[in-house]
Amino acid sequence: MVKVGVVGYGVIGQRLADGVAMQKDMELVGVADVGPTLAVMALKEKGMPYDFYLAVSENREKLEHHDIPITGSLEDLVAKSDIILDATSAGVGAKNKELYARHGKRAVFQGGEKTSVADVFFHGYANYGEGLGKQFLKLTSCNTTGLIRAVDCLDRAMGIDNVIITIVRRVADPGDYHRGLTNALQVEPVPNHQAADLMLIMPHIKATGTLVHTPVTHGHIITVVAKPKRQTTKEEMLELFDAHPRIRVVRLADGFLGNASLFRYARDLGNPRGDMYDIAVWDETITVFEDQVIFVINIPQEAVVIPESIDAIRASMKMQTDRLEAVGQTNQYLGLGR
Amino acid sequence: MVKVGVVGYGVIGQRLADGVAMQKDMELVGVADVGPTLAVMALKEKGMPYDFYLAVSENREKLEHHDIPITGSLEDLVAKSDIILDATSAGVGAKNKELYARHGKRAVFQGGEKTSVADVFFHGYANYGEGLGKQFLKLTSCNTTGLIRAVDCLDRAMGIDNVIITIVRRVADPGDYHRGLTNALQVEPVPNHQAADLMLIMPHIKATGTLVHTPVTHGHIITVVAKPKRQTTKEEMLELFDAHPRIRVVRLADGFLGNASLFRYARDLGNPRGDMYDIAVWDETITVFEDQVIFVINIPQEAVVIPESIDAIRASMKMQTDRLEAVGQTNQYLGLGR
Amino acid sequence: MVKVGVVGYGVIGQRLADGVAMQKDMELVGVADVGPTLAVMALKEKGMPYDFYLAVSENREKLEHHDIPITGSLEDLVAKSDIILDATSAGVGAKNKELYARHGKRAVFQGGEKTSVADVFFHGYANYGEGLGKQFLKLTSCNTTGLIRAVDCLDRAMGIDNVIITIVRRVADPGDYHRGLTNALQVEPVPNHQAADLMLIMPHIKATGTLVHTPVTHGHIITVVAKPKRQTTKEEMLELFDAHPRIRVVRLADGFLGNASLFRYARDLGNPRGDMYDIAVWDETITVFEDQVIFVINIPQEAVVIPESIDAIRASMKMQTDRLEAVGQTNQYLGLGR
Amino acid sequence: MVKVGVVGYGVIGQRLADGVAMQKDMELVGVADVGPTLAVMALKEKGMPYDFYLAVSENREKLEHHDIPITGSLEDLVAKSDIILDATSAGVGAKNKELYARHGKRAVFQGGEKTSVADVFFHGYANYGEGLGKQFLKLTSCNTTGLIRAVDCLDRAMGIDNVIITIVRRVADPGDYHRGLTNALQVEPVPNHQAADLMLIMPHIKATGTLVHTPVTHGHIITVVAKPKRQTTKEEMLELFDAHPRIRVVRLADGFLGNASLFRYARDLGNPRGDMYDIAVWDETITVFEDQVIFVINIPQEAVVIPESIDAIRASMKMQTDRLEAVGQTNQYLGLGR
């Protein structure tokens, strides 16, 4: 059993912990954070299903005030773990890395960290082999993780020469009060960093794109324009997407009208927190136009990186050396790929 | 075991079904709706934990297209049930009532129906006795249900002479595409219908108030200004609210900054759909001012009416004749009142 | 002096009236609407700069209640005008057409009407000649009007083979309470109607695209991916856009961060209603990528169609037969093309 | 002619400059800001109707890059002015005060500054006499300015003992990208600072209240619950509000559905920037309930403080010693109180 610690128990960290807890070949040692955040208070109210380690000892009193039991320090968690999933705020992971290195432990960083923090920039489906045995891996960010799933899916079947993406980005997560947009769309320069990141993971593909921030909280929507290396059809694309365990084909005609429908559906499915691991692609948007293909996908930004983060544990720990075996194991434990 | 059918499997109906399924002294016969909505598709994807009855036989093919098994017709569901929770769209319940009456069955209607549809306008805590043995009950709407909890809580301790409420109303539920506001607040005439409804349930209290619709989806926020019949203190109010199983006292200082914090917290708690049965009252808003008291509450509009709806079953079926015994039983099975 | 009547005094009609009033070679006969809307009440409060004609005689009392002087009926306005700008709600224009035809008058319909209502589907810059002398013209809708300006600008210089557009659409106008989205993005099938409309105006170009509705009120943002027939550079594109009187090049670096910045800027310019006739293109988004070009534009949806609508008067009335002379005259009177 | 300089040419500063320019007994010397903001670029595009003074000399090159003529430094503007309207960001005014003091000039600060910056906390209608001849005055903030207008209006007629307000606050101005809320309401502790400020201006009234931030940009909406010292009627209140030059009575039934309707109406009126100086009170919300009165008002946050700021000039410079004469002069030049 690989022992996993989760450092940073926020939007991503909570979901990483839940995802690891579902892997029958991993053991969740515990989670660490700096104080009695709402997430930690919820952990307490749930009866402490995960042990809590306090990263900032000065805050001990604050946790005691809320009767939250503390199992140990951040260093204790690191010492007990084989590998750390670091989901701290951008920049903190780079500092924590020293601690992980000192203890000779492995770590997987999230997309907010600089790519230089890690030995390899990683995506479970697209470059699993690159991560094998590496000590420090960095995951792609939420948009890029979902985007690469779809592009890799087509690339392996028909070869993709280049992609142009337009990201309609949700600007904040549900419950965020520290950032937000009100009645405004915000434009970013071309190319966006997601296109640049895609090229780091898939260097054989040229990519660029635009990005518009929008005042919503549930899911990025991306228009992908890709140039395949051979002719294809809508039917072939549909089949490929449908067969991918982390991609869900949905139809406007069925009532999946946008990102909010998918969030509602995930809640109705009874998924914890109303989360969704799979990206969605809308059937009615899949199009072959001249020598390019077009499709629109939804990225559930809170949970989409969980499967690939778990893949990263498998790669770093060499739990599986075969790509499809590894992602398949993750999928099975997460219930993906009905 | 009281046999309960849920008619209308939308935002409220799904939550009623889940709530009934948690009551150890009730049996959920099944749920009925008109076609393969997203909620029904989610029921299918979950493996049909509840039997589905089709209310509009013409839509049989549509359900078969989605491989959704149909247990029977709406009439079949009614025939098998002792009591129906009707959560159909406003106006449909009044039509369904004829069917329920023909079968001699009891029914509880939701707040969207006209009050005249029922024998009694009901709230579990405030007028349980009025519902005892009645065939047709109508629940208060989401805002009124939550509001009355808080007012009743104070009224039983100190007597309330009158209340003035300002409702800051969420305008749509998460996932709604058929209604919405964009960058606009909308004002309603004074008094709002919630004040009128409160007086129907609590005729000894005078009430009025204003209402402003706001472009958000998670929880109404109400400022309550109430005139108690005797002096009180913030401390007494805090104690009363804290002791109420369906009221949760929260603090801005802890990070509960508004309705979105509460929704995030409910998701982090692992509550199905991120739902919350209890209203919240903010500690830092509880104030005694001149001869009035002020406090601000949050109404989680999707799930708040579930406990009182289950109370209504208890009243109509005379499962308990004592008010506190009845609501206590509901609370216990729903996990309220830690 | 060409005599112009404006029928429908709503969001578009008010701006059409203002635009016509600025044309020194046209006379605004008056405006017509059905009752005392806010726009008509504002006309009254401003001292009736335009004569008002009542389209629904039954509402005479309602106008008298607000002391709004009525100059005549809709038929009176038609009789006095050489040409009508019809800006009524979708579908009403088709009915009004009979009245215009009976009086032998010309008319320009807005984008909401069916294309079949008119003899020609018209855009001032792209197909001015097609409109010459025609009795009934229909304008392109707001998105298509702005989009075609930019595509036509490049097409005349370098030839455009095809375009793929992603429209990030504002879902309602400021002040709309009858429609809106709240915390939701809505996806449309591919291709969107704007691409189809572009091909009707510019049949030598192939077009397709996606569309996402967003909960904002100030300006659509479109990513355009176009395939030119020869090589070009960012510098050439910048020069072409900069030289176009109805296109404004803006920079993110200067603080034009999105559609809301442009609205604020138009207000600060002192433009009536904070309106903007010109579309904006962001410098930092203009990109040459492989054999395609990319750029992002902003469409100020309330006023963008005004210049081309006035061009339509010029074409129908043969006030100018030369395209550039016609649009140049419109531009001069509207103050476009500094 | 009193010579007025405006320091800080942002949302408020631009409107102050326009307001001063309309006063026939004042001369606008010029406006100062720190760099080529969008507002300054718009000033340039309009042809420099006001002289521009540069507050940060290091930014000279940036302004030259945009061809914006610079008339002098901030100190030059202060030297030429009799009185300064300081509309800089919160905290900057306190620093600027030293400069004003050194030159022996008067100044009016906006609501963002600490009250201690000034000799008197000022409201044109409520405490004009307090400001007479004072060197440094601070205006009430936008919410408080509008609120006090309405409370003062009633107080002078019937006496007001206490008020309880619920502010539904717009969270950002149109065009703001540095702050915003997305799908969230935010609660503040009781009492809010607006109630505290009201008591500073009107020490004979007791006040408290709640505040909820909402994700919209056009106008705060306040529910006011006030206890008059004698009986009154809705009719009397309507008459009082109707007679006030800075209060506009509107009706839901006429289509004024909320803050966005008022913004649209102001734009349709042709008001520069779509601004509105007057607050609105909704007829259908004016209510007498028990011994209290209730009404709902709209505060157009961008322009509401302009009239009272100009009143402050009149008070400080002793242009008029009589309150009603002073505000009447301001009203006449601003076109208020038709």
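A few notes on this one:
In this document, chain identifiers A, B, C and D correspond to the written order of the chains, with residue numbering beginning at 1 in each.
Keep in mind that, in the parts below, a contact is a pair of C-beta atoms (placed from the backbone, for glycine too) under 8 Å apart; a residue touches a chain by one contact, two chains touch by 3 or more.
Being a predicted model, the structure only gives us computed values, none of them experimental.
Chains that touch both chain A and chain D are the following: B, C.
Distance from chain B peaks, on a Cα-centroid basis, for C.
Contact count check for A-C and C-D (C-beta pairs in contact): higher for A-C.
Centre to centre, using the average C-alpha position, chain A and chain C are separated by 42 Å.
Inter-chain centre distance (chain C to chain D, centres taken as mean C-alpha positions): 35 Å. Each of residues 174-177, 182-184, 186, 215-218, 257-258, 260-261 in chain B touches at least two other chains.
For chain A in complex with chain D, the touching residues are 171-172, 174-177, 179-184, 186, 215-217. For chain A in complex with chain B, the touching residues are 14, 36-39, 41-43, 45-46, 174-177, 182-183, 218, 254-258, 260-261, 263-265, 267-270, 272-274, 338. For chain C in complex with chain A, the touching residues are 162, 164, 166, 168, 170, 183-191, 206, 208, 210, 212-219, 221, 223, 225, 227, 252, 257-261, 282, 284-287, 289-290, 292, 294, 296.
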